[in-house]
Amino acid sequence: MNNLLNVRDLRHTYVKGRIQTHAVRGVSFEVARGETIALVGESGCGKSSTARLIAGLETATSGSVSVAGHDIADIATDKRLRRLVQMVFQHSDQALDRSWNVERIVAEPLLRMDGLRLSAARTRTVAALNSVGLGDDFLSRRPRELSGGQSQRVAIARALISQPELVVLDEPTASLDQSVRTRVLDLLKRIQEERNVGYVFISHDLASVRRIADRVAVMYLGRIVEIGRTAEIFANPRHPYTQGLLRSEPPIDPAVKWEITPMKGETPSASAIPDGCAFRGRCPIADEACATVDPLLLPVGSTRQLACIHRSVDGPI
Amino acid sequence: MSSIHLATRAASRKRFRLTVVRQNSALITGIVLLFALVLLGAFGPLFLPSPNVTAPGQSLMAPDSEHLFGTDRYGRDVLARSVAAIRLDLMLAVGVAIMAMALGSILGAVAGYIGGWVDDVVMRITDALLAFPGFVLALMIVAFLGHEIIFVAIGVTIGSTPHFVRLARARALSERELDYIPASKLAGANRGRVIFGHILPNAISAPLIQTTVTAGWAILDIAGLSFLGIGIQPPTAEWGTMIAEGYSDILTGKWWPALFPGLLMLLAVLSFQLIGDGLSRRNSL
Amino acid sequence: MARYLFQRIGSSAVTIAIMAILVFFASRVLPGDPALVRAGSNATPELIAQVRTQFGLDLPLHQQFLQYLYGLIQGDFGTSIRTGKSVTTELMHRLPATLELSLVGFLIASLIGISMGIIAATNPNRWPDTLVRALTAVGGSIPSFWLALLAIFFLVYNLGVFPSPIGRLPLGMSPPPRVTGFYTLDGLLAGEVSVTLAALGQLALPALILGVLGSISVTRITRASTIEALASGHARAARGFNLKSPSIFLQEGLRNALPTVITAMGLVAGYLIAGNIIIEKIFSWPGIGQYLATAISQSDLDVVQGFVIIVGIGYVTINLIVDLLYSVADPRIELGGSKS
Amino acid sequence: MSVLDVDRLQVEVFETGIALLRDITLSIKPGSIVGLVGESGSGKSMFSLALMGLLPSGVRVTSGKARVAGKSILKGLTNQYVNSSREDIALISQNPRAALNPTMRINKQVIRVLRQRCNMTFKEARSEVHELLARVGIPDVGRVANSYPHQLSGGMCQRVVIGMALSTRAPLLIADEPTTGLDVTIQAQILMLLRKLVGESDEKSVMMVTHDLAVVSSMCDQLIVLYGGQVMEVGPTREVFANPRHPYTKFLLESLESYADGSADSTPSVSENPIDFGLSGCRFSNRCPFSTPVCQTTPPPAIADNTRIAYCHNLESI
């Protein structure tokens, strides 16, 4: 029980009318203290649903999430445990209540969890703002007076003020300009070093993943298809989906001629998942076996797992 | 060249300002109009004869310098009565609109945020109430409760509330999807805190604008009920009652007892409408 | 499609049921003694007791409720205390008069509303638009009964453009044999063109007033939703493709405003059914509105109940039609559910 | 002859006189793909709207000239947009789903463009639809042609829009954030398609309006960097990436590279101040680490160097 976060066979199915949407289909992983795991994938891969389940914003259909030994159901309902998991959201322009000022926004966890008054929380609020690089002149500002980067810093300050042990970062830089992204990521990294907090980092942006994550889990249609150390995955992707994903990212060096065969097709709907391997419709190496076998996520080497029946043997491909 | 250029630029900029003023003119006209009516209602009675003093010898006198709006069939001064009605009608209408706004917004925000069966129940009832124009609803309630001012107020309030429920619920549903709501849940806020601390303050602007329009409608509904004889009863000076009393006179060519109260009512409703229009334009800009 | 229709009819039935329950509770449970209201405020205790027994108001509430429901299911809205006749019969007898007036009013409202809306939307923020906006602002503020009185004073008594407001036919003319209940149609069916013309003449002014008042919201919504549609991404893209302006106005503007306009027309249709209580009273139009106006001033509560339920059913039916048309007009609505 | 020639174009908010675009000068050669890059608020979308004559109400072109395929698109003292100019431009807009009419089936929309832009008869246009859709790599042509936009994915919709844009035979294609909001694998499909289709013709030029430097680096021959409604730097993509001259371009590229490879942010103190449209000088001067007093007050001069232009007072000293 050394892990900060344990996710075991997490599943989540939404039912709307007669349509069942299988957003998360058996996801397991763990995160150590001070570690960052990135969940990457395209829209509909279930990474955001997983994030909400881990934060306790929704209840899983089955499976378990535990943080620091506490079940997420207890954390979500118990005020004393609630501080353990916090979250930073995607849209910088809607992450803050526009009718509140920065002081109340940042102090809200202290007001609710610890029953403090705003004035009693002042010192800690200022400290939290300072820790994200904002001065106390921001206290009385309104969200509409903040730039995207500043909004996201305020959101980070709010997430950190209750001293969480795990922070779920749901595409925290997606709505920011390129030049601001780097700074926000660096800020998150620095905070992690200071506080030894664990991160679950959700992103579709591979560059930001490479910058911040210790390990990467690549998701497709509600499953993890490949998981391993960041450097390993980027240097030597083994799942055909991971390979296609990395290849699709345009290179930033104009001297490199970008000439690829893009991955074919589009992600099927999560309410009509193909039999066998869910990726086979887009996979360049799929054969008949893939239509019948649903590949398990199996270890290849000591630090890596892979869900592909053609790549289950260890060794270079 | 450059001077010509500057001149055309200045000219078109002026044209642009004019359109801006024209766009805001609704709001300005509305506020001025309402303000004038309120002043008239507050201080007018000080300078006018009592609205209820009858003078049998002076019945149905055409407008002249003594009675600017003429007299009705009991010899009462139509101007004094029309002005006396401002206070009653405006206060009643504004009170009704505010009550309906408060009730409807809270119900709508709660239903929209909590969802599930609470939402089902609230919206089912709202839909059933919306199956009637507010006027019919008010009419039914007044018919069942009795013909008194308080029941008229209750009736028109209930008739106006469903719109606010709809409006607030729609806003609550979209607010609920914004990231700051789960963020405050993670901060430990319970449902009540989320609804009253976050959802309502952000969802309230549309209902607030709707309140002014509703006040206008409430004037029409209240007067309509009185016109049918089930609202405010004579001899109280009220626009609808006065028009009803002037109804038979108009057929004999005496148009003033019905015309003037209607004109004032029109201006009152128009002022609320213009303010509502102007506010929603500003809000959407 | 059939499945969707059944679902919608089912939910309409639920709405009507809830409405009926609300009406019952409004009449029995709200403060105020129903027997007292019915007997009148000057009634003797004996009379009140008699009214109580006569209307079953002395029974326990749940029994009253069951009786009321049982009656409703059989189409029995009770008895008028004023005339002693069945409320259902009286209302059904008067319904065609109201429908005829409402229908013509609705057509006028749609015609005026949609054309004014289009005129305004083709010239946003220029003088035709400003004029239309000013007209709708004033029009939306006019009390209907006041407008009707002024119209009668000027157009009937001073100018004589329209006949006297004395109901569906001039004095001395007898109605045509009843087939549809619409005098204009029945006159034609019976071959009495003079009756049809006379009926149309009587109909003209009240229908015009209803139409003008009803056109306000159609105008507003046609204008607003067309302008909104013309400002949308696909309208901009169509201009980006340099498509022709009339084509853009029709396909990007009006076509996409259509679902909203249909909704507005539905609201107006509902408003007209009820909104002519006052107009019918002023024009002595023998429809259900006038019947209600008389009944209400005399606390004839079963008539009020019956009226409310009939109007409710009418309104729910209109909503059903609107929803069906809406789903045809907007391909994004999947029949049977929500916007995708 | 250039496909697009813009000379000192100025776009202002009328009410306040704030210049959203200031002195924009640039040109695009036939057969090239040019990237117009900028972060939010840079005015890149405003510029493409100005070229299309689709500026929002209250915003006008106040001075400057613009020619598309040699024809002036603005006329007279008031800089009114010449409506027929749009014949020479086709727009591929952001959010392809919203760019298609939700109440029309795809085939009707395509037919409409073909009839009105290519003077085809209804029959000709109808027989052309399937071929057009197939050319943009749509696999299931019959089904897609019969669908409404909401029944298709964003990628499919963008293919349809690209197909319609190419069918207009306009020499200039403006692609406004054509892949923003699409998944990265779909983005790769669309970008490859766009490059292939543009490569097939020598006359067509594309102006890619984007915030994504990676897209620019892999797609564009030329690069125009915009900040606060002002051009910062213009030049061939390779040269600008290899050796940015303007402090803003430097900052942008360094943050991108350090972002990608994980190294520390080495750019000197570039502040996070928001864009100040009231600045009479260089719009970047309130963030620029090399800012001098003259930067605040005077718009920067164009310093040309061979194929490249940078707008900066202090190029020599940096």
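For reference, chains read A, B, C and D in written order, and residue numbers begin at 1 within each chain.
Criterion: a residue touches a chain if its C-beta (ideal position, glycine included) is under 8 Å from a C-beta of that chain, and two chains touch if they have at least 3 such contacts.
Source: prediction; values computed, not measured.
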- line: Intersection of contact sets, subunit A vs subunit C, gives B, D
Statement: Between B-C and A-B, more contacting C-beta pairs sit at B-C
- request: Please list the single chain whose C-alpha centre lies closest to the global protein C-alpha centre.
  value: B
Message: Roughly how far is subunit B from subunit C, centre to centre by C-alpha average, rounded to an integer in Å?
response: 22
Query: Distance from the CA centroid of subunit C to that of subunit D, rounded to the nearest Å?
result: 53
- line: Chain-centre distance (mean CA atoms) for subunit B and subunit D, in whole Å, is 49
Message: Show the residues in subunit D shared as contacts by 2 or more other chains, in ascending order.
response: none
Field: Per-residue overlap in subunit C, given as positions that touch at least 2 other chains
entry: 125
- prompt: For subunit B, which residues are shared contacts with two or more other chains?
  reply: none
Query: For the complex, which residues does subunit C have touching subunit D?
result: 125, 232-234, 236-244, 247, 251-252, 255-256, 258, 329-332, 340
Message: Applying the document's contact rule, which stretches of subunit B touch subunit C when the two form their complex?
response: 19, 22-23, 26, 124-125, 127-129, 131-133, 135-136, 139-141, 143-146, 216, 220, 223-224, 227-230, 239-240, 243-244, 246-247, 250-251, 253, 255, 258-259, 262, 265-267, 269-270, 273-274, 277
Query: Hey, which residues of subunit D end up touching subunit A in the complex?
result: 39-40, 153, 155-156, 183-189, 191-192, 211-215, 217-219, 237-238, 241-242, 251-252, 255-262, 264-265, 270, 272, 274
Message: Could you list, by residue number, the parts of subunit B that touch subunit A in their complex?
response: 178-180, 182-190, 193, 198, 201-202
For the subunit C and subunit B complex, residues of the former touching the latter: 14-16, 18-19, 22-23, 26-27, 30-32, 34, 37, 125, 130, 133, 137-138, 140-146, 149-150, 152-153, 157, 270-271, 274-275, 277-278, 281-282, 293, 296-297, 299, 301, 304, 308, 311-312, 315-316, 319
